[in-house]
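Both complexes below contain chain A, partnered by chain B and then by chain C.
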Partner chain A sequence: MIDISSIPNIPPVLIYFAGAALLPLFGKGRARKIYLVILAALGLIGVALLRPQTTWDFSVIPGFELIFLHVDGLSLIMGYIFALIGGAAILYSLDVVKENGELVCGLLYLGSALGVVFSGDFFTLYIFWEIMAFSSLALIWYTRTERATNAGMRYILFHLFGGCALLGGIIINYMSTGSIAVGPIKELGIGYVLLLIGIGVNTAFIPLHTWLPDSYPKATIAGAVFMSVYTTKSGVYVLARTFPGAEALIFGNEIPFVAYIGGVMCIYGVVFALLQNDVRKLLSYHIVSQVGYMVAGVGIGTVIINGDITHLGINGGIAHVFNHILYKALLFMCMGAVIYRTGKNNLTELGGLAKKMPVTTITCVIAALSISGVMGFNGYVSKGMIIHAAELEGLHILALALMLGSIGTFLSFLKLTYFTFFRRNGEIEAKEAPLSMLVPMCVTAFLCVAIGVYPKMLYGILPYAVHYDAYAFGHTLSTLQLLTMTGFMFFALRVLIMPHERITYDIDYLYRKAGRGFIWFCEKPLMAFANAIDRGTLRIADSFVWFSRNPTAASIILITATGTRLMSPFNHAYKRPERDLEVVVKRRTVEEPMEKLSIGTGVLLVLLFFALYLIAMLVHGWLA
Partner chain B sequence: MLHYVILVTKKMKLVLKVLMSGVGIALVAAVVLIMYNEHFVGFYILYGAAGVGFFMLAMRMLSVIQKEGRQDD
Partner chain C sequence: MEMKIGQKHLFGILYVCLAVSIVAGLLLHSHEQAHAAFVWQEIPVFSAIYGFIGCILIIVVSKALGHHWLQKEEDYYEKH
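On to the complex of A and B.
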C-alpha cells in the first residue's frame, strides 16, 4: 500500500507524465513556452525535494511489491542531472520544436528515464525502460524523412531485442532468487547473461552499439539533445546497480570483464569518431567512447586505498555520467544550433563560423575541452578518477587504454572545432543561434567549468565518500604532457585527418547483410518448405474426406490396390494391374451410398471392441 | 657599409634573444626536471605521440573498408 508518510516525495516521473498529458491544451504559442518553463522548473524542484532513503511502494500480492520511488545516493545524483539537463533541453526546444507531439514524446522520455532511475524493483524498471525506448523512437521519426524512418525501425528492433533479453533475465533471476529488488546480480547463469545483454544494448556495449550512431544523427535537433542524455546513461545506472565490479572466471583468473568491455568501447568509439564527417555522427561515436569510461569505472567497482575499501571506481563512473551528460548535451546543443542556422551537418561543408556564431563557438570549445579531459574542465575530474581507480586496482592495460581514449578524444575534438568554427570558409552564411538556445548552452557551459574548477561541488553529491584529489601535481602534469603532445601532433598532421565525404562501415554492415540473408531465407527456402507442408497436409485431409465418405468401399479399393501392387512383381503373367484396378474403382466408387448396418450389429461391434479392450487390459495386468 | 653593420647588429640581437630565451627555458625545464624528475620520465609525451600514431594508423587501415560517397543508410 502507499506509504502516507512519504507523500511529499512524489516520483518525478508523475510530474513529467502529467506535464506531457496537459501540454496539448496550451496550443503552440507563448502559453506553451511559459508552461514548459514552469514544467522544467517543477521537475527540477520535484527531484531536489526528494529525501534520501525514502520509498513509495505498492503491494501487488504479499511479498511482491512494486517500488515506484526508491531514493538513495546513487539514484539521487542521477535524478539531479537528468532533471537539470531535462530542463535545459526543454528550454532549448522552445523555439526549435514546432510540433506538440515531439515535445510530448520528449517529456515522456525524460519522465520514464527518471522512472528507471527511481524504480526499486525490476518490473517497474522494465516498464519505464520500454516506455523510454518507444518515446525516444518518436524523437527520431519526427524528422519525417525516409532515412529517419528506417533508422527508427532499426533502433526499435535493437531495443525490443534488448527489452526481451532484460525481461527474460528478470524472470529467471526472480525464479532463482525470489526477489525482484534492483540490486547486484550474484547468481551466474542464463539470467545473468540475459540481464547483461539487455542492459548492454542500452549501454551500447560493442557489438550491440550500432543503433546509436545510426539513429542519433537522424533525430530531430532537439530530439538528439534529449537522446544524448537518457538511454545510455540510464543503462550505466542500472549496470552500476546490478553489475558493480563484476568479475568472471576466464582462464582460471577472476577478470573484471565489465571494466574491460568499457576499455574496448572507449577506443572503438574514438577510432570510428575520427572517421566521421557528419558532426552528430561523430558525437554519437563519442557517446560510445565516453560511456566506455563509465562502464570501466562501474566494472572496477571498489578499490582498496591504504587498506580501506573505497568505491572509487563506481564514484568515478557515476561522476563521469554526471559530467558527460553536461558536456555531451552541450555539444549536441551547439551542433544543433550550427545545423539550425546553416542547414549543414558535414565538416566538409562547415567552417568559418567562429566570427558568425561566437557564443556557440565559445560554448562548443568549452564542451570540447571538457570531453577531452583538459584541466579546469569537468571531464578532467571524472576521467582522472576512473584512470586512477584502474591503476590502483592493478589494471594497467585498462588504464593505458583509457589514456589512449583521451588522446583520441582530444584529437577528434580538435578536428571538430577546427573544421566547424576556425577553418576559413567564405561561402558559409549564418547568424548566432536564438536566445532560447543560447541560454541553456551558456548555463551548461558554466557548469562544465564550475565543476572543473571546483570539483568538490560534484564530490558532495556522489553516492560514496570520495578519496581522490583531482589536481594532484603528478596527475595534472602527466595529463598536460599527454594533451600538449596530442595538440602538437594534430597541428603537425592535420592534413591526414582532414574530413572526407565517405561512407564508413561499422559492424551494422554485417547485421544488415545477415538481416537480408534472413529475409531471403524466410521468403525462399522457408516458404517453399511451408508450402510443401501445406500441400501435404491438404492431401492427407483430402484422403480422410475421401475415406470417410464410404469407408467400406474405400477400404476395398485400398486393399485391392495394395494387393495388386504387392502381387504384380511376382506374377509375370499378370500384365495389366492398373486397368483391373480402375475396374474395381469404377465398380465400387466411394460416391455410392454407404452400406448401413442394423443397430444390433453396431451394438455388437461396440461390445466386441470393449471385450477386446478388457482382454488386452487383463493380459497386460497378468503379464505385469 | 653602415647598412650592413646595422643588419648584422640586428641579426646578432635576434640571435642573442633566441639564445637567451633558449637558455631561460632550458634552465626552467632543468629546475622542474630536477625537482619533479619522477613525473618527467618522458612516458606521457611518448605515449601521446604513440597514441596519435595509433589513431592515424587505425584510420588508414579503416579507410580500406570506407567507400567514396555521401554517408547514408
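On to the complex of A and C.
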C-alpha cells in the first residue's frame, strides 16, 4: 500500500510541458496515440493527487518569492476541470490532428493554463499567461488559411495589449503594496485599472471581446475545443482571486461594477449569437454570454444570508466555470465533428444530420439543454446560484438581465440544434464521427447529466460551503415557466430567426477602422513629416558643404544676393537683379578653390587662436 | 420548414409543461403570501410573462440590429 501523502506535490504544468517536449519522439502512428492517452491520464492523476498547501516556491531575491504551486480549494477545482477536459480534448485530437506541432501547442496551452491556476504570485502568473497567449495562437494558425492567419494576428495583438496592461498593473501593485502574492487588489489607482483591463481582455469584457468570436471559429477543429476552455476561464479564475465582489464609488453609491460588466456581457453575447450563421461563431458569442454569468457571480462575491456571510456569488461563478467548461467543450466537440464530417460550418448549409450522426446529435442536444439551464442538466444548478445571489444582494436589474440571458441562450440553442440536426436537408452527406471523437463526447455528456441530476457531486468540491438548494420548488417552477415559454416562442417565431448567409460586424469594425487609420497615419502624415525633416537636414548640410568649399567667394555671393534682393523694391530702374547676380556668381564661383596655405601657416593660425583663447581666459579670471 | 411526426409529440410535451407550470404558479401564488423582495415577484407567473416579453424583445432587437445596421455580405471585410 502506497501512502499517498508521501508523494510530493508536482506542478501539473511540468507534466504537460514534459509531455509536449517528448511528443515528437513518438512519430505519427499508433505509438503517438498510446502516448497521448497515457499523458492525459498522468495529468489527471497528477492534479488529483494535489493536496492543499504551498510547495515549489523559489526565493529569487530575498523577500521576492516565486510560487509555482499554490494549492487551495479555489485552485484545486479549477485544476480538476482543466485536467479533466484537457484529457477529453487530447482524446478528441487523436484522429483529427495530423501535425505534431498542433498537439505540442495544445499541450503547452493546457499546461500553461494550469500554471496560471496554480501560481501563487503575479510574476509566475504573468509568464504562464503569455505562454498561453502564444501557444493558443498556434492553434489558430494551424488552420493554414489566409483568414485564419489574419485573425491570429488580431488575436495576438489583443493579447499582447492585455499582457502589457497586466504586467503594468502587477508592477504598480507591487510598488504600492510591496507584495506580489496573488490576492484581492485593494489599492485603487492606475494599477487597479490596468490589472482589470489585462484580465478583462482574457475574460472578454465588452468591448475587449472581439478577438474571441473573431478567432475561435477560424481555429482548427481540435484547437477550438482547447481554446473554448482555457483562456476565458483562467481569466475568470484570476478575476475571482483579485476582484471578488469588487465595488466602485459611482455617483455616490457603492456599485459592484464587475457584476454589472457580467450582466452586459451576458445579454450582448446572446443578441449577437442570434445573428450568426457560422456554428462556431454562434458558440463563441455564447462563451462571451456565459462568461458574463461567471463574471457576475464573481463580481457579486459574498452574500449575506440570514445574517451569515456566505460566498454564494463566488461559489456560483466557479461552479458555472466548471459546468460551462463541460458543456461548452462538448458543444465545440460536436460542432467540430459536424465540420469534420461534412466540411460545412454554416447553419444555412447544414441540417438533416440527426439520422446520419445520431450520437453527435444526442450529445449536442444534452449540451444545448445544459447551457440553456434546463432542469436535470448541469447549467441549471450553477446558473441558478448566480441569479439567486443577485436577488439576495438586491441587484434587481442584474437578476433580470441574467434571466434575459437565459431566454436568449435557450433561443439560440434551439436554433443551433434545429438547423444543424433536425431541419430537413436531402443534399447533405455525412457519417458518424470516429470513435476517438465520440468517446470524449459521451463522457462529457454523461458528466453534464450526472452533475445536473446529483448536484452535490459538484457542490462537494466547491471552494466554499454551499448554501443553495438547486431544486427548491419555487425556483424550479419559475425556470420551467421561463424555458417552456421560450420554447413555445421559438417555434412560433422561428421564421424570424432563420439563419442568413451574412456576417455580422461587431465593435471589431471600429478596431479595424482604427487599425487602418493608424497605418494610414504612419504611412502618410508621419512619413511626410519624416521626409521633410530628412530633406531639410540634407539641405542645411549641403549648404555647409557649398560654403566651406570657398568661404570667401561664398560670402561675397551671399552678401551680393541678399543685397540685390533687398535693394530691388526700392530701385525701379534696376530691372534684372537675377542677371546681375549671375554675373557675380560667374566672376567668382565657389568651384574655384581658395588660395591654399602651407601646413606651417595652418599650425601658426591654430597656435594664434590658442594664444587668444588663453588671453581671454586669463583676462576673464583676472576680472572675476 | 416541415415538421416530422416525432416533433408533434415534442410539442405536446412542451404545451403540457407550459400549461402545468403556469397553473402551478397561479396556485402557488394564491396560497402563499410571498415575501416579495422585488415588485415583480408579486406578479403571478412572472417568469412565464417575462419569458414571453423577453423572447420578443431579444428577437426583435437582434433582428433589427442585424437587418438595418450590422449584417454585411460574407466577404465584406475582404472588400473594404
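Observations on the structure shown:
In the analysis below, the second predicted complex is superposed on the first by the 528 of 624 C-alpha atoms of A that agree within 3 Å, B and C clash if a C-alpha of one lies under 4 Å from a C-alpha of the other, contacts with A are read in each partner's own complex, and residues count from 1 in each chain.
The rule is simple: a contact is a pair of C-beta atoms (placed from the backbone, for glycine too) under 8 Å apart; a residue touches a chain by one contact, two chains touch by 3 or more.
All figures in this text were calculated on a predicted structure; none of them were measured in a lab.
After overlaying the two complexes on the shared chain, residue contacts for A:599 are found with neither chain B nor chain C.
Within the superposed three-chain model, A:151 lies in touch with chain B and out of touch with chain C [touch as defined at top]. In the superposed model, A:505 makes contact with both chain B and chain C. Look at A:281: by the touch rule set out above, it reaches chain B but stays clear of chain C. Residue contacts after overlaying the shared chain place A:391 against chain C, while chain B stays out of touching range.
Residue contacts after overlaying the shared chain place A:566 against neither chain B nor chain C. When the two complexes are overlaid on their common chain A, residue A:175 makes contact with neither chain B nor chain C. In the superposition on chain A, A:493 makes contact with both chain B and chain C. Touch criterion met: A:424 reaches chain C, while chain B stays clear of it. Touching of chain A by both chain B and chain C, each in its own complex, is seen for residues 270-272, 274-275, 400, 403-404, 407-408, 411, 473-474, 477-479, 481-486, 489-490, 493, 496-497, 501-505.
Remark: chain C residues 1-2, 4, 7, 11, 14-15, 17-18, 21-22, 24-25, 28, 37-38, 45-48, 50-52, 54-59, 61-63, 65-66, 70-74, 76-77 touch chain A in the complex. If you check the complex, the residues on chain B that touch chain A are 36, 38-40, 44-45, 47-49, 51-52, 54-56, 58-59, 62-63, 65-73.
Against chain C, in their complex, chain A makes its touches with residues 270-272, 274-275, 391, 394, 396, 399-400, 403-404, 407-408, 411, 422-424, 473-474, 477-491, 493-497, 500-506, 512. Interface of chain A with chain B (complex): residues 147, 150-151, 270-272, 274-278, 281, 400, 403-404, 407-408, 411, 473-474, 477-479, 481-486, 489-490, 493, 496-497, 501-505.
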